[in-house]
Each structure stands twice: as C-alpha cells, then as structure tokens.
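Heads up, the next two complexes both have subunit A, just with different partners, subunit B and then subunit C.
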Partner chain A sequence: MTGTHSELPVAARVRQLEERVIAAGLATDAELDDVLARLYDGASPVNGARMVARAWADESYFRRLLADGNAAAGELGLGDPYGLGYRLKAVANTPQQHNLVVCTLCSCYPVSLLGPSPSWYKSLAYRSRAVRKPRAVLAEFGLELPAGTEIAVWDASAETRYLVVPARPAGTGEMPEDDLAALVTQRGLIGTAVV
Partner chain B sequence: MSRVHDIGGQTGFGPVPMAEDGQPFHADWEARVFALNRVLGGRGVFTTDEFRDAIERIPAEEYLAAGYYERWLRALETLLAERGLA
Partner chain C sequence: MSLRPGSRVRARAGDPDHHTRVPRYVRGHVGEVVELEGEWPLPDDRARRIDPPRVEAVYAVRFPAAELWGEGTHTITVDLWESYLLEEPS
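Take a look at the complex of A and B:
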C-alpha cells in the first residue's frame, strides 16, 4: 500500500495506478483503449434484443435459449467477448410470472448483451429494495403488473447473469425479426419494463 | 457475518434514482478504471471473485460513501498492492 492513495483526487489516483500498471508490464495503453473501444462499439442492448426477437420468431431457438443461454448467444455470434466465464440464464416472462433481475451484492450483469448498466441498476436503493419490495420498485419504473402475476426476482452473481425475455406484444405476428428486435429495450431485458 | 455490500432487503436507501443519461461513465477516470479491471482480469492478475472480494472488504463507512467506480479503484489498488505488482 502506498498509504497516501486516499488523499489524492481520484483522477490522480487512477493516473498513478495506470502508470504503475503499465510500467510493471501488466497492461499497455493500446490494450486499455481497446477495451473501451469494444465497449462503446459492441456492448449494447441491441444484442440482447436480437436474441429475444429470434426467440419470439423461432420456437426452437426459444427452447435452446432457455436451456443454455451461453450457447444461444453464441449461435448469434454474441458469445462472452471478455471471457468472463459466467453462465447466462434466460428467464421468460409469462402472464403468470414476471421476471426481474438485480445484483444485490454488487452489479453483476451481462454488459455485452444489455449494454453498459444503467446507474440505477448499480444504486444501493435498487440493490436493496428489488428483492424486498419488487412490486413497489416496478411501480417506480411505471410498471403496474396485474395482481395475479407473480414476480420472480433473480439475484445475479459473478457466476450467473440473467437476461429477461419479455412477452411478445400482441399484434406482431407478421413483423420481421429486425422490427421485433427494435421493440426490445434495455429495461425490458432487465425486467423493469415490459415490451 | 454479512459484510456491508450484502444489502439485499435492507431498508433506508430511499427511492431508486431514475436519472439516466445513457452514458456508461461520468468521468474519464471511470472509463480508465473499467479498462484496467478488464485488462488485468483478462491477464489473470485476479479473478472476478477476487475482485468482488476486494470490493467487499472495503471498510463499511468508506464503501457507503464511495461512488461505484471509486469502489472499483480501491479494489484494484488493494489487489495490486497485495500482490506486490504495482
């Protein structure tokens, strides 16, 4: 420990840390820039939306998605780009059950498929309350579910991360897959909205 | 005994802050911390669980006062110092 790190402004601490890491040969500027380029270019809820739209359009893919999320992501070329090695579990909304994802311990979340996580997902309020008062939390998001719909709350971890498959909206029977995908939002993929 | 990060079900944190600007980072240093985490993790300097553990070992008062990426920064400093790497 340097013993002084907490007294420096945070940006200066990061700069110092980065310089030490690069000097130690643990990272290069190019590698660090590449991580961010891939995040900005590749990590997007458009990816999760493509999986949902395919599931809506293809029952067989839907079954494979529920059975093995990682393999189903891989089928669309959306495998885990950072090699984080987590299990991806897809959970599907039905009239009987709505699914809501939280990470009470931290912020575990499939960034590549859902895009960078929104601030509220990482907030102490969401983390603490989603498991205790999910219906009240959903109401804050403007989502009022029928009283008869149960809410399943999934607590993500470093090892298992979740993707909610929203229910397919009525009247979309003839819609092409790309248009279906455009209906799916990041909140829909987390479960704080329906589609 | 649970540590400070284990807040599932706790009360008192108020309503969920909804403000969203769609930006993953709110300062350049946050982006650099994210990148350091990914590169060092990818190089096997620490596992995801070790990184989480380093966050979860932050003293309670500091944990609650720190922003999200400040906790990440503290964890990176801790892990690198413990390994004598940087």
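Take a look at the complex of A and C:
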C-alpha cells in the first residue's frame, strides 16, 4: 500500500483486506497502488478554492458552476484528462440557505477538489448527526447560524459529489482572485464553516 | 415511472438481503424530486456481480426533517436510484 500511515493499527487491517483482494485474483498490488495514486494525484482543497474564487469574481462562471459543475471544473483544467469521475453539483450558500455535505453510508466526497477527507467527515458521529441535528453539529464546529437561515443537508448517497460555494466575505470587492482563493478553506467547501 | 422535479415519491421500505444504497433513515418516507442526476449502474446489481447491471435514472430527493425525524426545520436531500422509489399520489 502506498501511504504514510503505516504505523497506525488501521494500516494492518487495510493490508489484510488488500491481501484478500489479491489472493482472490480481483486485483494486483500494482493495480491497487495505481488506483490510489490516481485518486490522490493533485487532489487538494486548493482546486475547490480556485473554483469558488472564480465564481466570486465572475458572475457568469458562477452561473455555469451551478448549472454544470463538471464543465465548470473543466474550464479551470480540473479533472483532465479523464474527467472528475463523478457528477459534480455545486450548492451555493445564501443569507437564506446554508448548505452542509455528508455521506451517511460511507464517506463520498469530491476528493480531487477537496483533498483527502478529514477524519471527522468519516466518523460515525458526524455521518449520523449531520442529517439529524445539523444546527447543533455546526455549533460544535463554532458556526452559529442566524435563526432565519435554513439548513440544506446533502447526503451524497449515489454518484453525485457536492461542493459548497461559501458566501463571499464582505470587504473583498477589490481583492484579486488568487487572494480570494486563499480565503477558502476545506471546511468551507464542506459547509462546516463559513469563509 | 416518469418523475420530474416536484414529483412526490416514497422511498421503498423494504430491507433487501443484498447490498443497497437506500439509507435506512429515509425508508418508507415521502420526499420531493429536486432533479434528475443522469443514469447510473445500480449498485445492488454491481455488488451481486450481475453483468450487465441495470442502469437507472438517479434522482435527488428532498425530505423535510420533520418527515424523517418528527422535528426540525432543515431539509435533507438524498440521491436515489429509480427502483428505490415509488410514485406517491399527490
């Protein structure tokens, strides 16, 4: 296995699973390494942040992003040469609606645009409580939403991966796009923070 | 089944013996179709190595929290293959 967590107990379990898969003739070690390399090659929240900054700076890009996330990613050269491998849906925060992404069944998430997922995103606690008590979960992340802001939770249970477009912070009107992108965090792209 | 945005649907309540991707917390509950997400192979068939798997429309279906939990004002949108859904009379 390619990785940097070989000292963790879970690494031994993963390796046992890999050995079963290889013994069953379903894949080779090299194929498993290749899948992981392709999954994580270039994967970073910098990619999602670039898309958000472009949307903030360019109203027509914002509209295209909401209409077709894959095409909007492609405009910035993200996902080439094979495409993202999933359907990308961008959901924009407004004063009326805050968006929060979860995968209750496992940990689905747009890895190429957000980077490897944080451990809390994969935790049973987050996955079960985000759909049940999202306002309380957000408060535990330090995000107290106004009472009038509705929460829309998106459970990525099929082939769509969700990207939250945070609201643009006030006072950034003159800021260049690269500086805007630097404001956007991984948590902001999942919806457990605002920017 | 011809579903479109606004269609009312009920997630199937059954608990199949095989792998499926209907989250348990929406089973038997009524929601509203938000959009069609294209057509994708059915994971239930892929997990059972049925070749070729059925390819079905997937819909984003929005459920009010109060429908699922009896309380709450938020919504939860879940992505569901067509055969997971039953049309609900409006």
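Quick note on the criterion: the second predicted complex is superposed on the first by the 148 of 195 C-alpha atoms of A that agree within 3 Å, B and C clash if a C-alpha of one lies under 4 Å from a C-alpha of the other, contacts with A are read in each partner's own complex, and residues count from 1 in each chain.
Here is the rule we go by: a contact is a pair of C-beta atoms (placed from the backbone, for glycine too) under 8 Å apart; a residue touches a chain by one contact, two chains touch by 3 or more.
All figures in this text were calculated on a predicted structure; none of them were measured in a lab.
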item	value
Which of subunit B and subunit C A:Tyr109 touches, first, second, both or neither	neither
Partner chain(s) touched by A:Trp154 [first = subunit B, second = subunit C, both, neither]	second
Residue contacts with subunit A in the superposition, subunit B compared against subunit C	B
Partner chain(s) touched by A:Arg87 [first = subunit B, second = subunit C, both, neither]	second
A:Ala27 touches, of subunit B and subunit C: first, second, both or neither?	first
Shared subunit A contacts, counted only where both subunit B and subunit C touch the same residue	104-105, 131-132, 155, 158
Complex contacts: residues of subunit A adjacent to subunit B	1-2, 5, 10-11, 13-15, 17-18, 20-21, 23-24, 26-27, 31-33, 35-36, 39, 82-86, 102, 104-107, 116-120, 122-129, 131-132, 137, 140-141, 155, 158
Subunit C - residues contacting subunit A, complex	21-23, 25, 37-38, 40, 58, 60, 68-69, 72-81
Residue numbers on subunit A that touch subunit C, as the complex places them	87, 89, 104-105, 131-135, 150-160
Subunit A partner contacts - residues on subunit B that touch it in the complex	5-20, 24, 27-29, 31-36, 38-43, 45, 48-49, 52, 55-56, 64, 68, 70, 73, 76-78, 80-81, 85-86
